[in-house]
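Questions regarding the structure given below will be posed in turn.
Each chain carries a letter (A, B, C and D) given by its place in the written order, and its residues are counted from 1.
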Amino acid sequence: MKNSFGNSLTVTLFGESHGEYIGAVLDGLAPGIEINHEYIKKKLSLRRPSGKISTARVEADEYSIVSGVFNGYTTGAPLCILIPNTNKKSADYGEKMDIPRPGHADLTAEIKYHGFEDHRGGGHFSGRLTAALVAAGAIVGAALEARGIKIGSHISELHGAFDRGFEDYESDIALLSEKQFPTLSDETRMIKEIEKAAAGRDSVGGILESAVIGIPAGLGEPWFDSMESMLSHALFSIPAVKGVEFGLGFAFADVYGSESNDAISVKDGKIFTETNNNGGINGGITNGMPIVFRTAIKPTPSIFKEQGSISLSKMEKVTLTLSGRHDPAIIHRARAVVDAMTALVIGDALTVRYGTDYLSKKD
Amino acid sequence: MKNSFGNSLTVTLFGESHGEYIGAVLDGLAPGIEINHEYIKKKLSLRRPSGKISTARVEADEYSIVSGVFNGYTTGAPLCILIPNTNKKSADYGEKMDIPRPGHADLTAEIKYHGFEDHRGGGHFSGRLTAALVAAGAIVGAALEARGIKIGSHISELHGAFDRGFEDYESDIALLSEKQFPTLSDETRMIKEIEKAAAGRDSVGGILESAVIGIPAGLGEPWFDSMESMLSHALFSIPAVKGVEFGLGFAFADVYGSESNDAISVKDGKIFTETNNNGGINGGITNGMPIVFRTAIKPTPSIFKEQGSISLSKMEKVTLTLSGRHDPAIIHRARAVVDAMTALVIGDALTVRYGTDYLSKKD
Amino acid sequence: MKNSFGNSLTVTLFGESHGEYIGAVLDGLAPGIEINHEYIKKKLSLRRPSGKISTARVEADEYSIVSGVFNGYTTGAPLCILIPNTNKKSADYGEKMDIPRPGHADLTAEIKYHGFEDHRGGGHFSGRLTAALVAAGAIVGAALEARGIKIGSHISELHGAFDRGFEDYESDIALLSEKQFPTLSDETRMIKEIEKAAAGRDSVGGILESAVIGIPAGLGEPWFDSMESMLSHALFSIPAVKGVEFGLGFAFADVYGSESNDAISVKDGKIFTETNNNGGINGGITNGMPIVFRTAIKPTPSIFKEQGSISLSKMEKVTLTLSGRHDPAIIHRARAVVDAMTALVIGDALTVRYGTDYLSKKD
Amino acid sequence: MKNSFGNSLTVTLFGESHGEYIGAVLDGLAPGIEINHEYIKKKLSLRRPSGKISTARVEADEYSIVSGVFNGYTTGAPLCILIPNTNKKSADYGEKMDIPRPGHADLTAEIKYHGFEDHRGGGHFSGRLTAALVAAGAIVGAALEARGIKIGSHISELHGAFDRGFEDYESDIALLSEKQFPTLSDETRMIKEIEKAAAGRDSVGGILESAVIGIPAGLGEPWFDSMESMLSHALFSIPAVKGVEFGLGFAFADVYGSESNDAISVKDGKIFTETNNNGGINGGITNGMPIVFRTAIKPTPSIFKEQGSISLSKMEKVTLTLSGRHDPAIIHRARAVVDAMTALVIGDALTVRYGTDYLSKKD
């Protein structure tokens, strides 16, 4: 299914940037999960643009849950989240898109949909839709937290500026959950890079590093539904994601097996590995160590600098200078989406493994 | 489905390293695809170990196609490939696995399957199963080539040794299809690195760079079935893959949007982009440029050096020194698997988009 | 996926009888299908209760399409239909359901969802949700009609009253599309049976016979995705459906093969069968003849007569006398749902076979 | 997926009547299920032709399990069953099928696969493939029996001859499991009907009635994955099945709601219904009562009587008189397939609901 994902706990996404609503349907949710609106709102606020490093289009994201919840708890029936698009300026857009924006889906959408796509603000391709994913992910994420499973992401790299890595996962994740700009060390340098890009009518990307802790061993499958496969599938669905790696990832290319194999150890009857170069996954299956992965985010393609493109009607080269409202960086907002997608994948893996009631069980 | 992948053209994988057969079922194949055994054998030979940089276990890979082919052409019914396991030394293995090998799936399999897994030679997790994927991928790959779609991969990096990048895709892919050790420039340095690792009773990994050319624009979906999602899902199913990136990938972190956006251009009525930093995919959908991606392969976890592990029966730390037959590097063999998986994903995307007869159409 | 169906053109259903909205997401729709609101409204009107043979709860069914449509045409992105629940009387319902209604899902929902289900008006199990399916089916159905594929259903049997069978499919389907109470011959006797049941504080079911004409040969698959499998899967999803048969169906039990085999013939280069005992399907695949099937609808379980049930809180037997608004028969309304489901399945089969653009092609 | 079925426990079918092997892959099986070869062989023997009421082609059905089993227990990895085709007479078949057999898939296969299908003995459409389904179903069925879930089917009707219905499910199912010709009362009349058909160079069909006991309440989903939807999907995949009904099924058309609603009752803290007109399923979900359904089997289309068909090469009408080996009835053999498919669907529903280890749990 094209706009759906998951095996037993699934999410279906719909909507366009300038349509009436964006939304998502969560199906296969356990009954009896308490809906924590504060938690959902907080997660949405982490995705929302803020300050001068973001777009001037700010949406209230006043979601409503129109099905699947009764008396404050999930019912087990599909849960539909709707978020109205309120702050849209469709008058900025003509009837037809003629000059596709470089780095965007404008051209591929035109080819795939033969000109019928809603091109306003990126239409169905818009990062705007990730608000619905964040809300859906928050519902699952809260249920995971109730079981001791926690997810957090920080910006590990941004145009030459670096954050420290995870040290104490528990407290680092707690720290990140409170920060609008998610770094473990001081963020000043990164914000300066974004401001510099903005000043230059340009944009920057970066790398997010994520960790999942409290995850049981034994989730995932040997081949096509390996934990890496399922996570990467979901992560690459996020606009602007162009790379995903687990554990050492691409750095595995420069080490010996004796350096990268994680020695297995045991203490007080609990098995663990002395290092975590495999990012918590062996043979596609979780080993009980933190799942650690990194996601590469490309610079926002919408920049104010003049760019080369073509006129589709005239089939000739033109220059394009965008106006409107655009983010010089979306990586700090993207982390809320990465966390949400991760929650959805982990929630699905647990539901497949332990059954459809698992996420509401208190054991 | 756990050991199946694809939407309309699907592959199902089965078998264990020391079982009677490994195999794969291809379902949704167009009728009328000519089976080219020379092509399949050649692809299998590229995956087969050879020389002192590989394991001493060499399998003939004498596959048979036991269904779905009649008079030399696919019938449209599911095609089952069987490959017997002939060169197995199960006497090397005891009744129970007691000391899980670091970096392997031994421990996670034990936890997930409660000790019922076939642990001999890695069982269902063994890289041995990729032979069936290579055969399946070759059947689809030959059909793609008949339509002008070609796939090739080279080792771009291996323990500090680097290959040049793709220059002329067409001739570079042709070159790679003939090389047992797939590099575009001289491979001496890389092979020395592998020999050095082998001499040190150790192993190395590396990075594969792949390209797909001749691919039509408009394949893939905006969100969950984005071309990146589908490819990464399949690629991360391959044992030892720990990273996947498209176009600039992780290098997007250090450039400006104005540097990474691909300017759109047109010549003789044909639209293209002046650069290909997005690796042929925008908004999850192919744009007609070559699809370019890189896959990180970790060092073979089976090394002869002493390693730390535990005895599961005694729940105490032990040291482990492997004997048997192991590869000091599998990256040169893995490229055949990467090419096969890519063929399967592209074949599926074409079948979804253009219907179940597409791969046999001559138009 | 639990509340989704289809392979390439899929529908996802959500909502509860007394929630804010019911709705459906259609995904995989071709771009460029014109939205015909008159057609959708007409189909919804055929499902809507009317007259004294239906419930007194009448909903306006004022649907809105909140995504996937732009300038009056489908975009290719998921299309979400919302229908608000306006005429609800939730005050009729207490906090907890204590006495499950016989023949309903009350008890099974309670067991499956551990008491968290929205029990008001049947919640997610309510026939109310079929309004969203009818709207979704109408969008696909209009696209099918534009390609010459037509679907119609009549009540062939109702508590001892019988309708004539299809004679001229084309004109019979045209006739049915205009009738609120779908019979090919005079409906007086059937309506009397319903009125008699209503007068007796009781309810009746019946049998719907459906036909699909203009369908190309070659749709469906030999085994699990046989046309019968896909249609029956969708039809049995409709509440109250308890039987599905194709062609002679259960009457095959009493004839010889020589009587039931359909002789193959040819005229003017066109192949057909002289009879249609197989209902247009052989080996799971359409043969180009009309698809003909019958669907058994059980009597509405909500009746005003006193019935035996239990109190879940006291775990003892009680008698139950329902008040509120209930249909003495829903079969005439159900035919709109059967037609809608059929359209969705046929649309999916065509999309799988001929690709994602097929439904909008004018050829 | 076209030749696969199931959500968490899935089966993939492959093979042709005259190919080297037929087979099936079971994926998602719990680890630790003991393989009971006696049980599998017995189930296969119930499907095997025997005596003069069956085809003269008798296959040994010497299956082998080539993956997914180790030391006599399932491993959790995909289990592949292979059954060689030994007793085939392909010399009976020319290069091309020219005269499609009425009632068979010959014509639809030709249209769908453009002449590339393996037409020998029905190819992939052959009932021969059900041997692989019976073997797969037996593996799951034995695991179900170990949990107290039992499945049995009898011929309730055959060309005017009738069997009694289920009385004591437990002992009736035990009785049926021992009978090659599955009736609850005396089978003489039915066998006479088959012999009469055979003598007339003709064939008969009939109706199978099946029951599943020991099934927990709460399995299945409200809409598209209703227990009726999943079962009918699987049952209609069986060649010759043309009707499926649950509980009263089509007889619901002639009763009042007050007659067909199943009064709910309770005794010793155990909830049950006083009748079982709904066949153990309400709102798509099992209610804990026996699941009861009937499957209509059409007469074997291969008859020795002269029939009308066409020559595809000449596109003109011809008469066709079949020779070779054919069954005058397959209903007694089909019951083994119905039981197997039912086991697969129930096994899948349990795995979805309770997780991937469920079938091997002893609790």
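The working rule: contacts are C-beta pairs under 8 Å (C-beta built on N, C-alpha and C of every residue); 3 or more make two chains touch, one makes a residue touch a chain.
Computed from a predicted structure; not experimentally measured.
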More contacts between chains, A-C or B-C: A-C
Chain whose average C-alpha position is farthest from chain A's own: D
Distance from chain D to chain C - Cα centre to Cα centre, in angstrom: 26
Intercentroid distance (Cα basis), chain C paired with chain B, Å: 45
Geometric centre distance via CA averages, chain C-chain A, whole Å: 38
Numbers and ranges of chain A residues touching at least 2 other chains: 1-4, 13, 77, 112, 124, 222, 357
Contact set on chain B toward chain D in their complex: 1-4, 6, 10, 12-16, 19-23, 25, 27-28, 31-32, 64, 66-68, 70-71, 73-80, 82, 95, 112-114, 116-118, 123-124, 357
Chain C to chain D touching residues, read off their complex: 1-5, 13, 100, 102-105, 107-109, 111-112, 124-125, 129, 157-160, 197, 200, 202-207, 217-218, 221-226, 228-230, 232-234, 236-237, 239, 241-250, 252-258, 260-266, 269, 271, 273-274, 278-279, 281-288, 294, 296-303, 305, 307-310, 315-317
Interfacial residue positions of chain D with respect to chain A in the complex: 7-8, 77, 222, 352-358
